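Next come two complexes, and both contain chain A; in the first it sits with chain B, in the second with chain C.
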Partner chain A sequence: MVVFAFYVFDRHAECIYKKRWQDALPGAPATSLRPPSQSTVANAPAPARQSLKSDDDAKLIFGTVYSLRNMVRKLGGEDDSFLSYRTSQYKLHYYETPTNIKFVMLTDVKANSMRHALQQIYVNIYVEYVVKNALSPAEHPGGIGVDNELFEASLDVFVERVLNTQPPDPRA
Partner chain B sequence: MPVFALLVISKAGSLIYHRTLPTSTSASTSSSGSQPATGTLGLPGTTSLTTNDYLVLAGTFHGVHAITKNVTPKFLANSASSSDHPPAPTTNGVTGKASSFRYPIPDAPVTGIESLESSFFKLTVFQSLTGTKFLLFTDPSMPNTDGLIRGIYDRFADHVCKNPFWHIDNPIRLDGWERALNQFLFRR
Partner chain C sequence: MAANKSTRQGEDLWKTRVEKVNAELVTLTYGTIVAQLCADYENDYTQVNQQLEKMGYNIGVRLIEDFLAKTSMARCGNFRDTADMISKVGFKIFLNVTPTVTNWTADSKSFSLLFDENPLADFVELPDDGRAQDELWFSNILCGVLRGALEMVQMSIEAHFVSDILRGNDTTEMRVTLLRMIEDEMPPEDD
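This part shows the complex of A and B:
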């Protein structure tokens, strides 16, 4: 299984964290604002984290999951929750916390349900390093975002060691 | 029969056919019995849905479908050293001289949503070559929804497209199509 991208949106529809692995968005050079975290996996090039305002794919992703979430709620009732969708090229997983923080992950199509993994990221990484961080702002106006070394490093480790190294699907 | 509903969306994004199926059996067999009163779609929220709501849903989905196609991850073509996806030069992944990139699965065409899962239902989408979209809402545990939706498309081609009294992208109100659909969905 391969993780392509990861996004966090706060309750004001602001993208507060975004990370893409092995990325090549045309027109957006793969430069990072800060020195990239130490990558443990050889096949992952330098992580490409652009400035949050520079491109629009996060907005598109948010619009998509927001629309689909509302559609699912309308059809399935208030208790229903949007879990994932799949195209021929990728699969998008969605997890929303009770406080309306939205976690979105793009993986390859063979991935199983990532609901549990996203919940783990929320509980073990986001809450630990962002929510419990006294210096971290409660709200993120203007797209400052989660600018936190520990969060980024832990997320990187989680994705590279736990998710990307799961045994491949036998059907693959 | 845990099929909740079938929607057909024209290539312009308007709803041209919508049908909800009675789900008396699915409510008792497929769910754990914890669901509240089931509506027309067999789902708790759909009791209050009007035709207008379905029109809005179809329009929304049409837009979302296009966006999901657009946000497909792209990789630099020359960084294709990953063992999972051997670099395969293809016309699919290259758009210009400056930015050559490839998609995660270079051989497959790029599509929008093909299936969507929620806690209570699964949505299978089939887009025909001419852009008509078929949306099939089923129980999450329903197997082989792709085969089912292909069968529906076959009936659509035979009983709607080949009908001289139906004009393309107009709402479908044809008895033959209804009959064929009934036969296909209920007597398989």
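This part shows the complex of A and C:
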């Protein structure tokens, strides 16, 4: 299993953390993650992809999960939530806490449900190293306070463990 | 019974997931904070109450994440469940007390928490200056904690103490009122 990217959105709909594992995309641009609207050009090296700033990435992903979440709630009731969706290129996993923090992870299509993994990231990494860090602000405009070393290091370790079929990569 | 279930959940979590600290350490630390605030504001107890509430709020907005991480609770279905959860799980795991939920208004938007015991107020006697007894809400930090924590789960509430054993009342009672549910925030429009 390969993890492509990981995003955290706060309750103000702002992307407060994002991380991409570029080298998880082994040289082939065709397997790169891209917004669903562009999946038709999957086989071409994607110049559009390069021009898409990673900031826009986060916005697109937020828009997607926000709309999906609302649709799921309309159809399935207030307590319903979607867990993941899959395209021919990637699988998007979603976990939202009752405090409206949204965790999104993009993996390859063969991945199992990552709901539990995302919850573990929230409980053991986000709460431990971001929320309980007394010197980090309670809100994280622009990601302030989230990108601390302990959080990043633990996230990396965790993702590598999840990526157990992949040989650990020093740059990951 | 839902009530019994949350009692059990609270007990289990208290036994298994919570790191304990010496209660007297908490009591004395909190007492010192209040005493220092009284000194800083030259015994202007209205200000002290406000400041305690504010400190509690700042604690609450973080504490809720710890609460959710420890309990893995889903969202409560209604405000009565919320009250039950606050008393039997929230207060249980953080202070090892379970205040009684009572005095509901007919519209289920307002209730009271009756504290049979209050670890913050052990050993405490209010200053004998003739005003503290009428003006200081010693445990006011708890009101702020609730406001901060519930705001993070989309409930805007108001909480205040209406009586305190420290003031010579028969009970320690906090009144909690649901003001409104907070709507999801939308992302800012793209330009």
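Criterion: the second predicted complex is superposed on the first by the 126 of 172 C-alpha atoms of A that agree within 3 Å, B and C clash if a C-alpha of one lies under 4 Å from a C-alpha of the other, contacts with A are read in each partner's own complex, and residues count from 1 in each chain.
Convention: contacts are C-beta pairs under 8 Å (C-beta built on N, C-alpha and C of every residue); 3 or more make two chains touch, one makes a residue touch a chain.
Owing to the predicted nature of the structure, the values given are computational and were not obtained by experimental measurement.
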| item | value |
| --- | --- |
| Which superposed partner A:Val131 touches (first chain B, second chain C, both, neither) | second |
| Touching partner for A:Tyr122 - first (chain B), second (chain C), both, neither | second |
| Chain B versus chain C as contact partner of A:Asp79, first or second or both or neither | both |
| First (chain B), second (chain C), both or neither touched by A:His12 | second |
| Partner chain(s) touched by A:Ala153 [first = chain B, second = chain C, both, neither] | neither |
| Chain B versus chain C as contact partner of A:Gly63, first or second or both or neither | both |
| When both partners are placed on the shared chain, which of chain B and chain C touches more of chain A | B |
| Which of chain B and chain C A:Thr97 touches, first, second, both or neither | second |
| Footprint overlap on chain A, comparing chain B with chain C | 63, 78-79 |
| Complex contacts: residues of chain A adjacent to chain B | 2, 4-5, 20, 22-27, 30, 43, 45, 57, 60-61, 63-64, 67-68, 70-90, 92, 106, 108-109, 113 |
| Residues of chain B touching chain A in the complex | 36, 41, 43-46, 49, 53, 57, 60-61, 63-64, 67-77, 79, 81-84, 95-96, 98-99, 101, 103-105, 108-121, 137 |
| Contact footprint of chain C on chain A as seen in their complex | 11-14, 59, 62-63, 66, 78-79, 97-100, 119, 122-123, 126-127, 131-132, 138 |
| Of all residues in chain C, those that touch chain A in their complex | 58, 61-62, 64-66, 68-69, 72-75, 152-154, 184-188, 190 |
